[in-house]
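Both complexes below contain subunit A, partnered by subunit B and then by subunit C.
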Partner chain A sequence: MELFAQQVLNGLVTGSVYSLVALGLTLIYGTMQVPNFAHGHLYMLGAYLSYTLVTTAGLHYWAAMAVAVVALAVVGAALERLIFRPLRHAPHLNSMIAALGVMLFLEAVAQIIWGEEFRHMDSPYAGVVSVAGLLVTEHRLILLGAAALLMVGLLLFLTRTLAGSAIRATAQNAEGALLVGIDTNRVAMTTFAISAALAAVAGSLVAPISLVYPSMGSLVTLKAFAIVVLGGMGSVPGALAGGYLLALAESLGGTYISATYQDLVAFVVLALVFTFKPSGLFKEAA
Partner chain B sequence: MLSVANLTVSFGSFQAAREVAFEVREGELVVLLGANGAGKTTVFRALSGLTRADAGARIEFDDHDLANLSPRAIVDAGMSHCPEGRKLFPALSVMTNLRLGAYLCRQRAEIDRRVERMLSLFPALKDRTGDPAGALSGGQQQMVAIGRALMAEPRLLLLDEPSVSLAPKVVRQVLETVAAINRAGTMVLLAEQNAYAALEIAHRGYVLENGRLVLDGPAAELMQHDEVRRAYMGA
Partner chain C sequence: MRLQIADCRLRIAVALMFGVLAGCSSNSGDETVTIGFTGPLSGGAALYGRNVLDGLEMAVEDINAAGGIPVGGRHVKVAVVPLDDRYFPNESATNAKRLVHQNQAPVVFCPHSGGILAIQGFNASAPPFIVGAYSSEPQIVESGNPLTLMIPPKYIVYFDAFAQTTMDAHGKRLGRIPGAHAYAKEWTKGFSAVWESKGGTLLTNNEVDYNTTTDFSSVVSKALSEKPDVLFVGGASQATALVIKAAREQGFKGGFVVMDQAKFEEMNKLVPMAMLEHSVGVMPMVAHPDFRAAKFVEQYRQKKGPDRDPPREVSLTYGAMRVVARAMELAGTVTDARAIHARLDEAASTLPDEFKPSELLGVDAKGHMKQTVIAAHVVGGKFVPLHLAQID
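Here is the complex of A and B:
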């Protein structure tokens, strides 16, 4: 029972990270129909920035995260403006290839700056607390709370503000959005910035409890795609629920079936969804 | 007043609209007739900025030159487009769809007032404001689409085939509402397949064939015109 509870907790922690990354991916897909293969690499950049700012610049953890978030928002906006916007009216394949190019580029940049080796940073919240009989590090609890807060904030932004409505409207019908006067280019740029910022938060939250290395984004991208397909391409609730579901399946599957095949769970999920429910569990956009 | 001249729209070497010229005068409801593929939607999309017209087109609206403006600037100038296929936001509520129609108006009280006006124009929507627009019947979705366009309080409404695939009774209802909107002072440019019903409510009409305007005149005259009767009314 304790093992089970421990694995559920692990699943929720990993799920927070998956959901944050998948959210960004689904927002970009929803508003621009761009499958951003480089998304996990934005998460990697976020992790590295926080790592560097904490370990070499001596910033406080949260300050480092704030800088990483702003920096990644700028990177995201620039990607939209300089790479994906010019391809908007080209065949879909072009933006897919561009996304792959961005991914390879970012990984190469990280290798040049930080090298191949695995990095580790300490969390300022290294203590261990006992929650209902379970021992948990403070950082994991903070991660859970921060991710949940951010997701609630994002949902409120999308559903309660004019800017959020403009993003959802653009995702559901871009020409309809243009016709009411929404500047869909600006929406695309904002969406990319928000998505990259979410990835930076995820990377910064995860850095103290895992390792930071140039290709750390690849597996996360694959999983985020599995989640977005599971939840329905472009669906925000789908990405939220899907992230936690996949992580729980992985951690429970890894414990009770086989730890060796833990990372395969995502692909089994993908295969099942494609076979039985290709539209995903939540089909409505945004 | 809208005044259009030399409007050509090319897709590659194919010209979907060729040197189209027409006008909509103050207070008028003008109908644009034409068979499938004649180019009606192409003309509308060029007017609202969704499609670029070829160089040389003149689109003047009041004192504004609309050629090459963005859709946003065109809405801002007072021309709203209720497009073919409606292009609603299906998962958003009817209320949000309507409010987004007034996206460029940033005063909440003013938007509330406009919503009230739309709900009295389309009473059938009153009970449905919280439902996703995509869950409504075809006729009600068309009302939301027209309402969304009117929420910008345009001086001219571009209305592309509002009656397509609606039941005959609903068609009548929709067109009567369009006539009422026009009587209240909004200029309307209406594209319709349903020539007879459209001419009944219109002041004037133009006939589009293969991207060219081939005929125009007062609605009553077009209704009697042999060519129009044969081609568009099955008479």
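Here is the complex of A and C:
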């Protein structure tokens, strides 16, 4: 039982990271139908920025994260304006190829700036606490809380504000949104900025418990795509639930079936969802 | 990336120009021999590939600074041409062919067993070339390839001492969290058999992919739930350090057996020595008791920066490159791979002290570089040497 509880906790930590990354991916797909293959690389960039600001500029962890978030929002907006907007009316394939190009470009840039070494930064919250008999580091608890807060904030933004409603409207029907006077260009740019900022938060949160290196984004992108497909392409609640579901499947499957098949377990869940609900768990009827 | 390609093109252009010039003016100009390298220079294993390449480049720099390799009255300069194979054996094979046909490389170094085995499929046929094999997988010399130089000690050399030391100090229950790659699987199998033969108990094998796991907490929780005395871990240094960190954070007090792929000096950058206490693993160069090691560390820091420690693969490939250069000198040729290979043993056993970072005893009939192997046991924050018997 203790092992089960420990694994649920571990799954929730990983799930928080997965969900944040998947959220960004699903937002962009929802509003622009672009599968942003470079999304994991924005997460990588966010992790590197936080790492650099903490270790070389001596900033506090939260301050570094804030700077990284703003910087990545700018990068995200620039990507939309310079790369994806001009391709909006081109065949769909072009944006996909552009996304792949951005991915390769970002990885090469990171390799030139930071080298191929694995980096690791220490969290200011390195202590270990015991929660009901379970041992967990403070940083992991903070990660859980921060991610949850951010998700609630994002949901409120999407449902309660005008800008959020504009994003949802564009996701539902881009032409309709245009007709009722929504500036879809601005919506696209905002969406990209928010998505990149989310990736930056995820990257910064994960940096102290994991490793920072140029190709760290590839695997996360893969997982995030699996989550987005699992939850329904473009669905926000789907990405949230899918992230936690996948991570829990990994940690519990890894424990009670076999650690070797941890990744396999996740994809078996995906296959099952496809078999019984091909549109994804949370896809709203169009 | 684009820079590298441009650089490469420039080099080819310059080489062509020199070729033309040399052709015009008979025998003037520098003669150069190319040493090939194919290994991971991008992706997750890029650092490892870079380290092996660093060792080669350092040696070549020193050889050229001393005028080159003396061969039959001439002095031949050495150039290293590296190609990225992203750890894919098929790309290693393609790269090796390219290096041999395009650059006439008599030796191609490769730092992973998959690539080495692929290259061994054709390196003995025309045109023959030596594969400089940086892998401790015994299979690469068991295959009977006549033109192989295996550089590091076979990993089986570590089993007995690692098992005995940790079993005596902590107990008989071995928890296992090794990597899921082929090399780790072989290691785990071999080490587990030795552990059992000494009367130890094997707990569940929680094999996990070190390259794709974001957070090791869950697999560590699972292994610790079986109350092990000793944990067997191993993959890339940095990921291994995270496994050790997670185990200590969850309250594990016992010892670690660290597979030779992970290096203490690299793990120590991520976790404090206190977490590495009671571990057995490869001896870092900075703490190596060999009198030549300290000088090599100094030399490395001059080139790479005062806060850098040379990983083991840098020192071993440095030594290997020196051995190859000396064998070329002894054979009186930089092109005849068979003649060079025949002199490797003599080259290694007569290599002057200043050319090798640690003891080299020779090269055996199968092409394995013989050396004294010293491992480390972390006790009280210090690396205590464990002297191991060579296994051929």
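Just so it is clear, the second predicted complex is superposed on the first by the 283 of 286 C-alpha atoms of A that agree within 3 Å, B and C clash if a C-alpha of one lies under 4 Å from a C-alpha of the other, contacts with A are read in each partner's own complex, and residues count from 1 in each chain.
Quick note on the criterion: a contact is a pair of C-beta atoms (placed from the backbone, for glycine too) under 8 Å apart; a residue touches a chain by one contact, two chains touch by 3 or more.
What you see is a predicted model; the values in this text were computed from it and never measured.
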(message) Quick check on the subunit A-based superposition: subunit B and subunit C, clash or fit?
(response) fit
(message) A:Leu45 in the overlay: touching subunit B, subunit C, both, or neither? Say first, second, both or neither.
(response) neither
(message) With both complexes overlaid on chain A, does A:Ala169 touch subunit B (first), subunit C (second), both or neither?
(response) first
(request) Quick one: classify A:Ser215 as touching subunit B (first), subunit C (second), both or neither. (result) second
(request) Determine, for the superposed model, which of the two partners subunit B and subunit C contacts more residues of subunit A. (result) C
(message) According to the stated criteria, A:Gln7 is in contact with first (subunit B), second (subunit C), both, or neither; which is it?
(response) second
(request) Examine A:Val128 and indicate which partner it touches, taking first as subunit B and second as subunit C; both and neither are also allowed. (result) second
(message) In the superposition on the shared chain, how near does any CA atom of subunit B get to one of subunit C? Answer in angstrom.
(response) 35
(request) Indicate the residue numbers of subunit A shared between its subunit B interface and its subunit C interface, in ascending order. (result) none
(message) Which residues of subunit C touch subunit A once you look at their complex with the stated criterion?
(response) 1, 41-44, 46-47, 50, 177, 180, 206-209, 211-215, 217-219, 221-222, 225, 236-239, 241-242, 249-251, 269-270
(request) Write out the stretch or stretches of subunit A touching subunit B in their complex. (result) 162, 165-166, 168-169, 172-173, 175-183, 284-286
(request) Provide the residue numbers of subunit B that touch subunit A in the complex, in ascending order. (result) 48-50, 70-72, 75-76, 80-81, 83, 86-92, 96, 99-104, 132, 148-149, 151-152
(request) Within their complex, state which residues of subunit A touch subunit C. (result) 2-3, 6-7, 10-11, 13-14, 17, 107-108, 111, 116-118, 120, 128, 135, 137, 140, 206, 209-211, 213-215, 219-220, 250-251, 254-255, 259-260, 262-263
